[in-house]
Amino acid sequence: MIIAFTLNGKPVTARVLTPVSLLDVLRDQLELSGSKNACDQGECGSCSIVLDGAVVCSCLVMAADVEGSEVTTVEGVASGGVLNAVQEAMHAAGAVQCGFCTPGIVVAATDLFETNPTPSRTEIKEALAGNICRCTGYGAIVRALEEITGEVS
Amino acid sequence: MVETNFGHVRPEHIVGLRRVAELEEWEGRRIGAAVTWRRLEVDGPRALAQAARTVGSPQIRNAGTIGGNLATASPAGDGHPFLAAVDASVELVSPSGTRAVLWSEFFTGVKQTSMANDELISAVLLPEDLPERHEFAKVGVRNAMVISTVCAVVTRRDDGRTTVGLGSVAPTPIRARQAEEMISSIDRPSETDLNEFARLVSAETTPISDHRSTEAYRRHAAGVLCRRLLVRCLR
Amino acid sequence: MTTTRTARTPTQVAGGVGESTLRPDGIAKLLGEFDYAQDLRAENMLWGATTRSPHARARIVSIDIAPALAIGGVHAVLTAKDVPGRALFGLEHSDQPVLASVETRYWGEPVAVVAAEDEDTARRAAAAVGVEYEVLDPLVDPLVAEAQNEVFRRMRIRRGDQEAEGTVVVEGHYEVGMQDQAPLGTEAGLAVPDGHGGVDLYATSQFVHIDHSQVVASLGLRPEQVRAHPTGIGGAFGAREDVNLHIHLCMLALHTSQPVKMVYDRAESFTGHVHRHPARMWYRHHADEDGRLIRVEARVVLDGGAYASTTSAVLANACYFAVGPYRCDSVTIDGVGTRTNNPPCGAMRGFGAVQVCVGYEAQMDKLSAELGISPLELRKRNALATGDHMPTTGQAIETPMPVADVIDSLSAMPLPDPRDEAQLPGGSGLTTDRDQVIRGVGYALGIKNLGFSEGSDDYAVARVRLTEDGAVVETAAIEVGQGLVTVLAQIARSALGVSRAEVRHVDTSQIGSAGSTSASRQTQISGGATLEASQRLRDRILERHEGDDLTDQGVLRAGEVAVPMAVLTAEGWEETVTFRHPPTEPSDENGQGVVHADFAMAGHRAVVDVDPELGLVTVVRIDTAQDVGRALNPESVRGQIEGGILQGVGLAVMEELIMDGGVIKNSTFTDYLLPTILDAPDVEALLIEQDGSWGPFGAKGVGEPPTISSTAAVIAAIRDATGKEIDRAPVRPQDIAL
């Protein structure tokens, strides 16, 4: 079947054979490889995207189910290659090492600041509880996001 | 989706439910099957909201639903102890009509339900009068995103009636009936009463040892957890 | 303190050493534009998949590839008979079949590989290969394996008076479970045939030259026919040193004459790489009444699993560091690395030194309790220092060994205020009220070698060129996320005096080996090569042009630009250096010798909150002091420390591969639990910088020390909180509550 949806602000179509996941369609067919597959089962958050305003794991979304929906991936978070506040802060704080978890964290953190511009440290951690990082120990990530609390408009 | 991602399941036909709006309706005690854990976390009755907070991660809670959890029927389902503790029913719909099945008749075994092949879960039906107090807790080795080793809900009415719903300690969610009966008749339980209550809870569990935990620990933790939950209800 | 090389004062240049320069690939990674091996694609690409044994041990009766070939879209199904060259591969010994043909020795061992039009078809085809097995009883108990002489290596260390006894003796048995590296990026690669019988390989790796040599051998090709390219990788931690899909991919690509891509899914990944050796240890420590170690006796059993991998070196490491960073003149250590039908074990960050630290630090705490001497004081009385000899090998310690400084630093770091609301044990599970929590504090020190040992010819090649893009450092040294690409450029800037510098990865045909990204060695060894190449380049340029300074402007004479940079960069300046660390030697029959190139140590203090009734633990805070030599990029060092500590926390309280008859029961992220952001303790790190190491500007490797004693410190804190004799890692709720 062909599905049509809005991807990073633009209308797109894709041919999907159910039950392929949205993650596979994004990466293989639509050639947006920013979202990563690290666990196949929604346990790591590396595939996080925003679907109709909510952050979800794209590996658990059936592609066929996003007909008519709005999808934002890491590629759509910044505009024109200019880093958003979350990305800038993470870069400055050394919060990226291997970077495999980074797109998922960028998506989850960007969504957090859009809904709550002044999150507490606890709120930051709870928002990122579904994003596993194996390299950084999360310290620099928390420092990066605390740095911009109150600064994101 | 997990099963298909790993190639364990290759279904011939798939029905996508995301756009069936009726399944998302939540009217009083009738919670549509497609109501997400995120909504339950915010608006659900106390112990169910507490359970919802522990489901997976924010990403999982945005997408996962109470109906999805029921259909999977894992003995460790975080929402199940509450449903057992308040005697909730599952509303099933099929071409031939709608029926409501009590939770204890819905869960039939590990990941097994009494749903017929042509049935769909349409809603969860909570009783009209929920107990005045209810509290949830879940034991897991990690602070987030963890399948429970033991999870429980204890409810207590002002007249003393107490119920205990448990998960991960049997093939299905269970009630600890003997423990309930013992404590319900005691107006102000003493330390001794609470210890006996905990002992009875442990005795009524039939947990297994697996890669997550041992039978002995689950039995022990079930008693400790329910004792603590009851104390919270009594405050 | 002796040095073998004069560390020149670095030129003060923007982006030079000592700054927390931002990583050059950070922006691409943040935008989701950085290509990892799993993101690569090629025109006409096929997908590969692997048929794996479902048994821990079995004889292969027959293999029928016809059902797989019959599936539409399948281009190739290869088995052992299709391996053109050497049938076996391996890092230390070539003992592992490229594809099994006679028997399979572990659950998940590869038997066949397929190539198909798409990933789903490839997986279906792999599942359709008909393998008939005769299931055999697996050997899964390492003690039984030892008794049957199923052994990869035995180690024997004897130093000092073997009859010495102390006035105080403490003894214990300790166990460490099997940890997994679990890098987020799974095994992935793309092999592209060049149309002339050769192939280009882009695969997840820690060491492209050793992949290259094993691919060349098994494909029966000439070295120049294979090129292994450094490729984007999502973490490693030791899981990417061994070959896994490399030979398979090249075989499929050459067989089909098309590019072939393969990506392991997470469950497959758990079988697709080696794990940390599970360990059983027995210790007996003898001390005098002042707590000074008289003698340490130990027995260490590491289960190497089905194939050799790096068990020999891991066992050696475990034994060499089995006493810890302490003086002791009488040492009796016996170790064995066993061969079983459990999954193969090999390199994981810490490489043997982690496991023994759990044992010896528990012992030191037992001595401390027995003697009534505080844990830190006891350690201080035994602290190794520069000028001492390693208790195990007798090697003289000639580089910094700031054990006493680490202890003093830890003492001075303030404890968290107990009134500060830390997360309760049980997290969002609401299991625990504040009055059900006991706080505990524990200490541990660890030590490990840096670089390869026992006479390994451990070197790295780097080439520095001065181009119109600035200084370019060419290397095959793998960046796994640790920040090598950042620090090599910093070294080049400081040594050359120019502020524009970048690292470019080149493949095995374009440069010599940089060695493995492991053993915390790259900053020292590739950094050493980069430093020397940059210094020589600068010297040659200045000499040729009779200048006295080189800057971004060009060659200066008496403050004036004599040769502008634009002219210089057109002159094609480059310098290639092979850098070796001071030589090491194999130990003698008693384990004695100058075995190691350098050492690094660290200390950790863990603060935990425990719910003793339920056995749940929150690691509240970990403070650390680490011997880093010279922090070339302080923020990168902090990142390595915080990341390493959390892996240590994982091993302490939640990470363990559970085996049943050689089969892994928890090979998914649902049940192999990695610490989340809510499990991460607050970390305060003090970097102890002392001159004397031979690394560039005195730098020491920093990747592994954070993992060595963080686990032991958390366990010590749990003991402190509960009063229980916890003797294993990870600590499970039942170990505390029952």
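Some observations on this one:
Labels A, B and C are assigned to the chains in the order they are written; within every chain, residues are numbered from 1.
Criterion: contacts are C-beta pairs under 8 Å (C-beta built on N, C-alpha and C of every residue); 3 or more make two chains touch, one makes a residue touch a chain.
Being a predicted model, the structure only gives us computed values, none of them experimental.
The chain occupying the central position, as judged from C-alpha centroids, is C. Here A-C and A-B are compared, and the pair linked by more C-beta contacts is A-C. The distance from the centre of subunit B to the centre of subunit C, each centre being the mean of the chain's C-alpha atoms, comes to 42 Å. If you average the Cα atoms of subunit A and of subunit C, the two centres end up 29 Å apart. Subunit A and subunit B have centres, each the mean of its CA atoms, that are 30 Å apart. Counting partner chains per residue, subunit A has residues 40-41, 43, 126, 129-131 touching two or more of them. In subunit C, the residues that touch at least two other chains are 265, 267, 670, 676-678.
Residue positions of subunit B with contacts to 2 or more other chains are 5-6, 143-145. Of all the residues in subunit B, the ones that touch subunit C in their complex are 5-7, 50, 53-54, 135-149, 151, 210-214, 216-217, 220-221, 224-225, 228. Of all the residues in subunit C, the ones that touch subunit B in their complex are 120, 123-124, 127, 265, 267, 423, 426-433, 436, 613-616, 618, 653-654, 658, 660, 665-666, 670-671, 673, 675-679, 732-734, 737-738. Put simply, subunit B touches subunit A in their complex at residues 1-2, 4-6, 11, 14, 16, 18-19, 38, 56-60, 62-63, 143-145.
Across the interface of their complex, subunit B is touched by residues 18-19, 21, 40-43, 45, 48, 51, 54-57, 59-62, 64-65, 67-68, 108, 126-127, 129-131 of subunit A. Residues 27, 32-41, 43-44, 46, 73-75, 78, 81, 83, 87, 90-94, 96-103, 106, 125-126, 128-142 of subunit A are the ones touching subunit C in the complex.
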